[in-house]
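In the two complexes below, subunit A is the common chain; its partner is subunit B in one and subunit C in the other.
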Partner chain A sequence: MIEIKNLCKSYNGVMALNNVTMDINDDDIFGLIGTNGAGKSTLLRIISGVIKQDSGEVLVDGESVFENPSAKEKLCFISDSDMFPQNSTPASMSEICRAVYKDFDQTRFEFMSNKLGMGKNSNIRNYSKGMKRQLKLLLALSSGAKYILCDEAFDGLDPVIRQTVKSIMAEEVYDRKIVPVIASHNLREIEDISGRIGLLHKGSVLLSEQLEDIKFQSQKFQVVLQDVSQEATISSLIHPISIDRSGSLFTVIARGQRDGIKKAVNSLDPVFFEFLPLTLEEIFITETEACGYDLRKIFA
Partner chain B sequence: MISEKSLHKLIKINLKSNMYLAFLSFVTFLLCFPVRLLFLNQTIDNNYTTSNTELIYQQTRMIQQVLERAGILPTVILMVFAFIMAAFNFKYMHSSASEDFYHSIPIKRKKLFLIRYINGAVLILTPYILANILGMILGLIITPTPYSAIPIMLYAMLRRIVCFMAVYSCVVFSMVITGRTFIGCLTAVFFMSFLPGCLTLYYSIVGVCYQHILNHDLSYMFLNTSAFSPASSIYYHFGDIFSVMISIGYAIIFLILGIILYDRRPSESAGEAYSWEITKNIFKFMITIPTSFLTGYLIYSLSGADMVVTDRTWFAFSTLFSVCIYSLIIDMIFNQGPIKLKKGIKLTAAAFLTDVLILIIMICDPFGMDTYIPKASELRSVGFSSGYETYYQGTIMFDPDASIKAEMNQTTDFTPILKTVSRSMNNSVDHAETENISTDDGNISVDKTIPCTVCYVLKSGRKVYRIYAVDVKSHEKLLSTLTKNKDFNKHASLFRTEIQGPSTEAVITDWNTQVSINKSIPLLQPDIRLLQKALKKDSESMTYSDYKNSTALFDISLICSDSNYDYDSNNTAYISEMYIYPEYKNTLEFLRKRGVSTKGGKNMIDEITNITYQPYVNGNISINISGKEKIKTFLSSVKRIPDIGNPRTDIKSIGYVNIYYKNKSKYANQGIFVRIADIDKVTKILEEDKNE
Partner chain C sequence: MIEVNYQDPRAIYEQLVDKYEILIATGVFKKDERLPSVRSIASKLSVNPNTVQKAFSILEDNGYIYSVKGKGSFVAEPSSLRKDRIRKWQETLSDLIAEAIKLGFSREDCINEVATIYDKEGRKK
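What follows is the complex of A and B.
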């Protein structure tokens, strides 16, 4: 388990992380999402021990990470850059990983890299961005690390490889109980694979819960009211996060359980009322809008 | 946790991936050592060597230049490699993408640092050592170098390795404290040049602001400041074991600091100028102040200034103006553009005020540094030098710095020196004081005083150097007193310095006519040592007054048959010409034993066709004197002087005489400086010939 407690980090007077507290459990696939500049990469770097926090602590299975190789052995960080050491090849990279990760699975790595057409002595400098990403993911999955931290690691991969990697990851989760922590702006993908979501905005945690729970606690529905002036009544009854009006059709997202909302809306005797599935993207937008991150305001 | 075995593995992996650098290093040093030896050996042409001895001598010199301490080329190349390797190996700290990789893998920063540090050194030093050893073996095979030279060659190799490590560690440390490779390289240059540069600048600026604080020459400055740089410390104290220890010290200190600071280095500083904000401010402050003074000094020098109030004003103005400009430029370099300039204003103001304070101290001298004369009770001894020995005793190439000479010419009987310098201070004699003499060609400027260097050695051991402008009379009186002291004479004698290098024969010429009075006599090294001993003994017993009142009999010049011997590049002081006086009993005895007639030159009057005389104050005039009697009268009325001398108080009676001989194949035309001894006779002759 990764425990993050009251984490603070600032750069040049700008607060990148402000009292971040969240847990990443062993049976999670953790999706880390957030607005631009929210602090996702900073958080991942602190968890992986690349940078040191100003205050707070990060514990990986009870051990502090920074400058602690035994804790770091449980982590493998895939950054969003495509940097490799100079003149490196898949063979030399696997040698380095073998030297630092004692559980590195060389056989598995060779098998996977051959399947993907990566010659072991080919110069990585000549690889495309996507191939470099593939290689990074293969190395991470072969490292034997328990926690795989991916910072927009699937960007640049073609759909086939993307699917393959996700399958391998799922297998690893099932077999070896690895815990992927995936930071991405591709919310559909996150929604597909993640069990737990952490949403960051301006360095703070807006929510950190199981996706199912988030969806359970928020509802989206469409309603056509008898009288459009009843909009105010609805607002007072259910305190919606957002209301979109198109004529007399209201599309509402509100916090609360389904039964409660159903009862409240039905009390107004609507002409039409239907619950709709709530996507992660909508949750993202509504939660961040509630904090003032509103597109209309940006372009006002 | 990473095991030792894994650590070795990582080192091996890193070495393997950078093997091409080792190859490059090996090729370079192969060219420096065995290839260069073979090439140089080929160029030593037997046809031009007169003997086997000469061949051996040249081969020995070749070995010294390539494999021993004299060889500077391999040292420079190693330093360049050290610089490049350190920057290359540690630039990963300057990229956030690289740091994401290296700092996320399960390895402690210290170990990562050491892996890269060791690898960088091994990649360059291993090929260097191999090539050097190959060169040594080849040198022993192709030349008759004895095996006893092996420790010397190994010592030279060790010195270069130590120099490499000092520079390498310094650059690595610079990479740790910075966030961009370019800034890291500049910082490394800063560390290697800051202290020597500041000291050299200080020594130069004292000449601008102070009249009496000695302005040392570059060789003195290099000798005394080289210890303060990891790049030049290996040359401190003439490169002895002490210099090796200093260089090792630099290597260790920079390495330890590098490790400690790397542990604490924030990874997010990649891309910033410096790893910590405070470091940036410190460097900015330390760069702007000396560079502003350097600019002020350069403007002062280029304007041809000469200690006038307005020139000091320009010096001060240029310094203060440039501190603002440099501060701005440095901010732009650090911030990669004209952003955050407002933030730097406070520091600029602090640098400006510091410059003002330094200028006040230097120009106004509130602590009386310029006028400081130690009390007699504080002194252990005092040294004095005015260069009289190079006027009377002989000529010297690459004369040591006046401060070194003053340091050597120490005496405990220093009361006359203190009296003289106090008097010159009280008279406020400006060492640049001159007198303008009008001539047909316009005014010429003549020094009225003699610059005298004094070295006060305090009882604490501290040495204080000063320069005073002493009037002619006081100078003569002082030297007359000092040279009566045999101890002073021993150190002040020109012949404490080495006579010319690998000489083989001596040419002796008559003092007045400069015609050779003997066939050249063979003089090899043992003879030269004996000659030097005799000259030293004779000069020690002559006082200043003795020299002034005497006339030399002849000059001795030594000929070096090694036409390739490059005195200039060796840059060491040596006597090129000696003046022999009738009072030099030991020297004359030495010459007599070698068949030299010491009675003086042949009477050359019959051999002369004509002479010309050019008065110093009127160089355009050349008066021709012909006729045996006139020539005889003229030459008997003038006295040859070795040089114009300083000060030229009798400037109107000094001139240049050209002597033309009938038998040009036997006697080359000669030119000498003379002083007119009998003004009436000479005036008459000159008037007659002028009219003709």
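What follows is the complex of A and C.
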């Protein structure tokens, strides 16, 4: 388990993380999402011990990570930026990894890199962006590390490789109990594979919960009221996060459980009333909008 | 045989529960037959094993499957599942008929419509 407590980090006076507290539990896939510049990469870099926080702490299975090789062996960070040294090859990279990760699975790495058509001694400089990403993922999945931190690692992979990587991850979660932490903007994908979600905005945590619970606690519905003036009544009854009107049809997102909202809305005897599925994308948008992140207002 | 539909608004575990219920109720999986393992389903569908585990727990809680430690999950006696699925089907049907009535269908129209569809589907089998 990774415990993140009151983490703060600023770069030249710009606050990147502001009092971040969240837990990343074992036996699950954690999805890290957030607005651009929210601090996702900073958080992952601190967790993996690449940079040091200003205050607060990160404990990986109870140990602090920074400059602690035994804790670092449990972590593998797939950075978003290019991390390969000059003139490196798959063989030289696996050698570096073997030095760091005692349980590095060389046979597996060679088998998989071979399958993906990466020559053992081919120069990584000549690889495409997608192939570099594949190689990073391969190294991480062969590393034997428990926590695999992926900074937008799936972005830029073709659909076939993507499915394959997700399948391998699913097997590893089951067999070795690895804990993937996946930062991404592909919300649909995160929604499909993560059990737990952390939502960051401007360096703070907006949500850190089981995805099922988030969906259970927020509802989206459409309603046609008998009289448009009832909008005020509905607002006072259920305190919507967002309410969108087109003609006499209202589309509402509100916090609360389904039964309570159903009762409240039905008490107004609406002409039409229906719950709609709430996607992670909508949760993302409404939660960040509630914090004043609405760019339509800027461009309007 | 089992696929995840990403356009489906239902959660993946709900889709899995639904699909396995149908496969068991229609006799594709026979009584006491072993279901594929959680690991192989998760790997094949590229989904979180916890999601598959959750679907299996729900099926087990409802008594549709049973698990044997170290051996996997097996299909239970399907008669209660069949009853439940029939009830679900009847609920869906009554929603559809309520809508047909709103659209102005007579009793006759509904029966004719059902008969036509039944014949068409029956021919496919």
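Structural remarks
The definition used in the following text is that the second predicted complex is superposed on the first by the 299 of 300 C-alpha atoms of A that agree within 3 Å, B and C clash if a C-alpha of one lies under 4 Å from a C-alpha of the other, contacts with A are read in each partner's own complex, and residues count from 1 in each chain.
In the analysis below, a contact is a pair of C-beta atoms (placed from the backbone, for glycine too) under 8 Å apart; a residue touches a chain by one contact, two chains touch by 3 or more.
Not measured: the values here are computed from a predicted model.
With subunit A as the common reference for superposition, the partners subunit B and subunit C occupy compatible, non-clashing space. Within the superposed three-chain model, A:73 lies in touch with subunit B and out of touch with subunit C [touch as defined at top].
In the superposed model, A:95 lies in contact with subunit B only, and not with subunit C. In the superposition on chain A, A:192 makes contact with subunit C only, not with subunit B. Looking at the shared chain after the overlay, A:108 reaches neither subunit B nor subunit C. Of the two partners, subunit B and subunit C, it is B that touches more residues of subunit A.
Using the contact criterion defined above for the overlaid structures, shared-chain residue A:170 touches subunit C, although it does not reach subunit B. In the overlay built on the shared chain, the residue A:29 is in contact with subunit C alone; subunit B does not reach it.
Within the superposed three-chain model, A:85 lies in touch with subunit B and out of touch with subunit C [touch as defined at top]. Distance between subunit B and subunit C in the overlay is 26 Å (nearest C-alpha pair, rounded to whole angstrom). Within the complex formed with subunit C, the residues of subunit A that make contact are 27-29, 163, 166-168, 170-171, 173-175, 188, 192-195, 212, 215, 276-277. Every residue of subunit C that touches subunit A in the complex is listed here, in rising order: 4, 6, 9-12, 38-39, 42-44, 46-51. Of all residues in subunit B, those touching subunit A in their complex are 1-2, 6, 9-10, 13, 16-18, 95-101, 103-109, 263, 266-268. Interface of subunit A with subunit B (complex): residues 11, 45, 48-52, 67, 69-73, 75-77, 79, 81-88, 92, 95-96, 98-101.
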